[in-house]
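I have placed the structure first, in the form of structure tokens, so that the comments after it can refer back to it.
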């Protein structure tokens, strides 16, 4: 009952914040001679008019769920893995390398499974390395994970120029992977692949790990109070590495769904923002793995809407970032306002009770 | 009576979830010590924080020197000559003594050397031995407390609020503090003294204000009351008297814990534990007395597996456990309430139920195949809440939202249950109110009577005498001797705690 | 030899904005505030600096506008973190996204679609009389632009403020133990907010350095992660202005060396790895440096429930 | 009888921002030229991220566009994946090469022809015969165009009796002006006096460096003659000459299969600055003629065959 009211409150405020964020961003459009009301109409009709575009929302949502889970998982352990972008790239590299190497030699399903495993392992090990540096050398994980993304990005460029380059050796990308190693499409009339199901499953899996297993419990304890963890026979170092491994693995998994499910090759500059979007999404969902799904869906919708806006009107592409930025800003602010009001309400209730 | 310097009139303070002060009125006169007494969470700290400008009253008035004042911040309070020593140290560990004292009270360029001289002079004036240039993190808690006081004096405060200043001090340090308070008020200043210790109240105060549940439930003159009456006022009923430790014949009992030659010595420094030998039998409480920071915590942690000894052996039920980890020792049935429960014993942001699981995450109690059985755990927690009378709405609230006393109860409840064979209590009642102390003592005796071995570390001699079968005294990492309860007088134990070996001295 | 001197000169030249940004970061982080909006602040500084200088024709106006832009973004960051208690890392991310879009959007609003880059003449070098004639050192240290000189001047000033004044003491206390600072009558939230604003001003100028001192133009990728390097330098410099100076120079040199190696054009050397060099360096140095005097409450918002 | 261009539904898909002053800007200019010359109204979609290539192609296929233009080799494969599903739309990838189905008409600019012209200019621009050759990133077409550039510059140097030296480097970014400037400055410190840089926004950084180090710059892909006095000459890609040709060909149904365009088709033009000597202009003009006549075998210059 009380819980329900809270969720209702939360939804109300969040929707309000989103609307406000959109209004503010659209208010800038007349500066470029774009009619905001018309463009809003166009954006909505274009986004929700056909199945294909709505499918795109799910396609956009898929990796966002995963990168934001990656952040959320470590966040719960009071650790900051903001290198999900890099781990995602490692996942991409592993998935595409595995697939390209094996697609002609093994049946498609087997290749898919191996690519799946490789991306998880690759992303996980990258995460583990950060966790290890933190555990062993007490290196600041925020800084290290932030920098790791840049490093991975350049390594990826190097690989795309050398070992992984397409056979014609012309451009910084890999060859197209074979049809047999694509994740099957699940909704006819769209390009939505099994990836979205994998992402949803991952969200549930992470939720289960965090709240229903002793491993997740230990991760949370370590995050909240390392000393208490040590006094309880829990090794904070081990937990730190475990958390980073799982986090990296989830981000790496996004590489698999993107390569085998969506893009079918790897090229430079691929999905270069999902890491930072993931952070925003995780926080909008209060790092709750299930909430992450909905927040990611919101981001996916805004991205597709923004793209439609850019395609169908004279609004520039930068309007997407403006929109996402404002929406995030206002949602975060709404958290504060909601809390303020809640406290005031509580005080007020008490006051009346006191006087009664 | 002299004129009133402070009048708090009908102060009410509401936090989001609690009514902390409910129509509280207190008057403090010039040259007076007002003791503020009350159980944990009664609202003592809150009312004083309002006076000091840290919190703002929901309603009510503050009158200083007969004029109504609004105190919006500690700065304004200081300007009025009010200073407060917080319950939890408000010092910056990474700064020096001088930096801490002048914090907020200096302007522009700071000549640190000159300030250090100034502070040293001030310390000398009050007879405090405080190194002005030393970092706070390198000082003992007693010295830190003195720094807190100096900070207040530096401002020329005439009204000093002290929130549980003695909670972490040794008996000698407490005496010094009492002398200081008496001196200080004799110069026409006033003091508000918050404490849980009756003895101090009777020793130093002029007026005693007792609070319960945010309300004032009595204001009395010291001369007109006694400890028993105060206790009754505070908790609303009389305390149960505990059965004193019996002279059980330990020889007949099985030896549970044997510690041989236990030493911890880091390279190039004095040993923190120096060749410790001791034995604990089943159904025995071994009290460990001593001034704090004499190796008690290291001993507890070594026994619990959190510190690795450099030398020596630990045997539990005849098995050598020296090399085993904390996890193993939990499995073997050791329980441990660390003295700093907030840091080592609980996770404040987690629920009560989750905190009950803390030490058992590797055990099978509520976990099977790595999956937590929440239902069973919650049922267990609800039972514990009832059994230990923990003041909490249910098992889903966070431990951090409980008052200190109730937090301690949660930890005690868990550890008593975890420790199937041996429970180590380190300062189990520090900062607790009388009712809670009484309850914890009952629990400890209960554990002993059920056959468990108990190690009780305390700086409170009364606690040691009230509970222990045998008493070991620690000084600088050494055991000065182990005595049967009753063999030691207060004088003798005092000497032992200070490092003197009275018997040997006589021989010499 | 001349190649070497040029290399070091450029290293010092390129380290200026890093040091300046890191100094601002040091000031803010000493009060417990990580300015994770640093990348956004740099970017809007570059943007505002260019717009100001281009439209007015005055470099000073450019730097002023850069400062104001940095200040405004810092204010947004400060209000949401200090006063609204939102998570610092998250807020930084949100602001980075917003500013990226904002700068690109308004560059087009102001200048329309250009096919030729708009340019201003980069800030010229001021040769300090006599000193600039000292061999080697003269060219490296005393033939730089005014912003570099100011930055070097700021190092001892920031040092003095932090370690030798009451203000610095208050700031450090806010970062170490805000409760204690509060109890000592210091307005923690205001101190933190103001420190963030100062960091914003310095970050804005640092950003403008790229558009006004280096290339004389603005592009949306002009910062490209350098704000984060400044952020890292603050860490590596142990929250000390002198440390920031030293590591700023280290990064300037490593950057110049990386460029040197890439410029050799030896196809056998994977140039990508040299592009990644600064980032690798941050990781390696963070790992090597065991003892950090990190402000105890760095990154933790101070929430007083009343 | 001219086709009705105004009613054609055409979109141009660009990977970057239309104000990048280089690749995207010149393609955008091509679209604008068509609008002016033919009366088309081409929609331009900018900054399409790589992961959205396929969905964007599909979107416009679904909407039944007549011609879907995209500019950048990176579109090639995505186009190949989508185009067969929409046989009624023509897909043209500028800089693309794949033409699996009839409706795929990639147009590939022979950049190495253009850079050959730039190389001749550079040969006359230099005073010491020492060249800095820079690229945004390293890929095969980039290497080829650098090869012909070097070859042209070298032959001019030999003619002028200068010792020829060249160094080649990649910034690993198309947009980072600062890094590009640093790199150019470093290469000039190493002895080069003439800089060539094929990049997007980054190229302006190299111009800046050439100006500060008092060297020469030879621009490629965009006309930078007005940007600085150090720019000796430019070889811009003039898509305005090609886009109308593409649209006309498509509208009339004459354009089929993979196309290659170069100097002969007017994609690359030589723009001389005031500093250009007559000798240089003559040499370049001669080269344009030779290339148009097919007299130059460029494959001999390629380091990787």
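Letters are used for the chains, namely A, B, C and D, taken in the order the chains are written, and counting of residues starts over at 1 for each.
Going forward, a residue touches a chain if its C-beta (ideal position, glycine included) is under 8 Å from a C-beta of that chain, and two chains touch if they have at least 3 such contacts.
Computed from a prediction, not measured in an experiment: that's the story for all the values here.
Shared contact partners of chain A and chain B, listed by label: C.
Ranked by how far their CA centres sit from the centre of chain A, the chains are topped by B. Simply put, of A-D and A-C, more C-beta pairs touch at A-C. Rounded to a whole number, the gap between the C-alpha centres of chain C and chain D is 36 angstrom.
Chain geometry summary: the mean Cα position of chain A and that of chain C are 28 Å apart. Rounded to whole angstrom, the centroid-to-centroid distance between chain B and chain D, based on C-alpha atoms, equals 77 Å.
Multi-chain contact residues of chain A (touching two or more other chains) are listed as 154, 157, 161, 316-318. Residue positions of chain D touching 2 or more other chains, listed in rising order: 17, 138, 172.
Looking at chain C, residues 104, 108, 272, 275 sit in touch with two or more other chains. Pairwise, the chains that make contact are A-B, A-C, A-D, B-C, C-D.
Within the complex, the chain C residues that touch chain B are 164-166, 168-170, 172-173, 176-177, 179-187, 293, 296, 305-306.
The residues of chain B lying in touch with chain C in their complex are 15-16, 52, 54-56, 73-75, 77-78, 84, 86, 88-95, 99-100, 102-110, 112, 151.
Residue ranges on chain A touching chain C, taken from their complex, read 28, 31-32, 80, 82, 133, 137-140, 142-144, 146-148, 150-151, 153-155, 157-158, 161-162, 273, 276-277, 279-280, 283, 316-326, 328-329, 332-333, 335-336.
For chain D in complex with chain C, the touching residues are 17-21, 25-26, 28-29, 132-133, 138, 167-173, 175-179, 181-183, 185-187, 189-190, 201, 204-205, 208, 212, 222-224, 226-227. For chain C in complex with chain D, the residues that touch the partner chain are 2-3, 6-7, 10, 14, 104, 107-108, 111, 113-117, 119, 122, 210, 214-217, 219-222, 224, 226, 255-256, 259-260, 262-265, 267, 271-272, 275.
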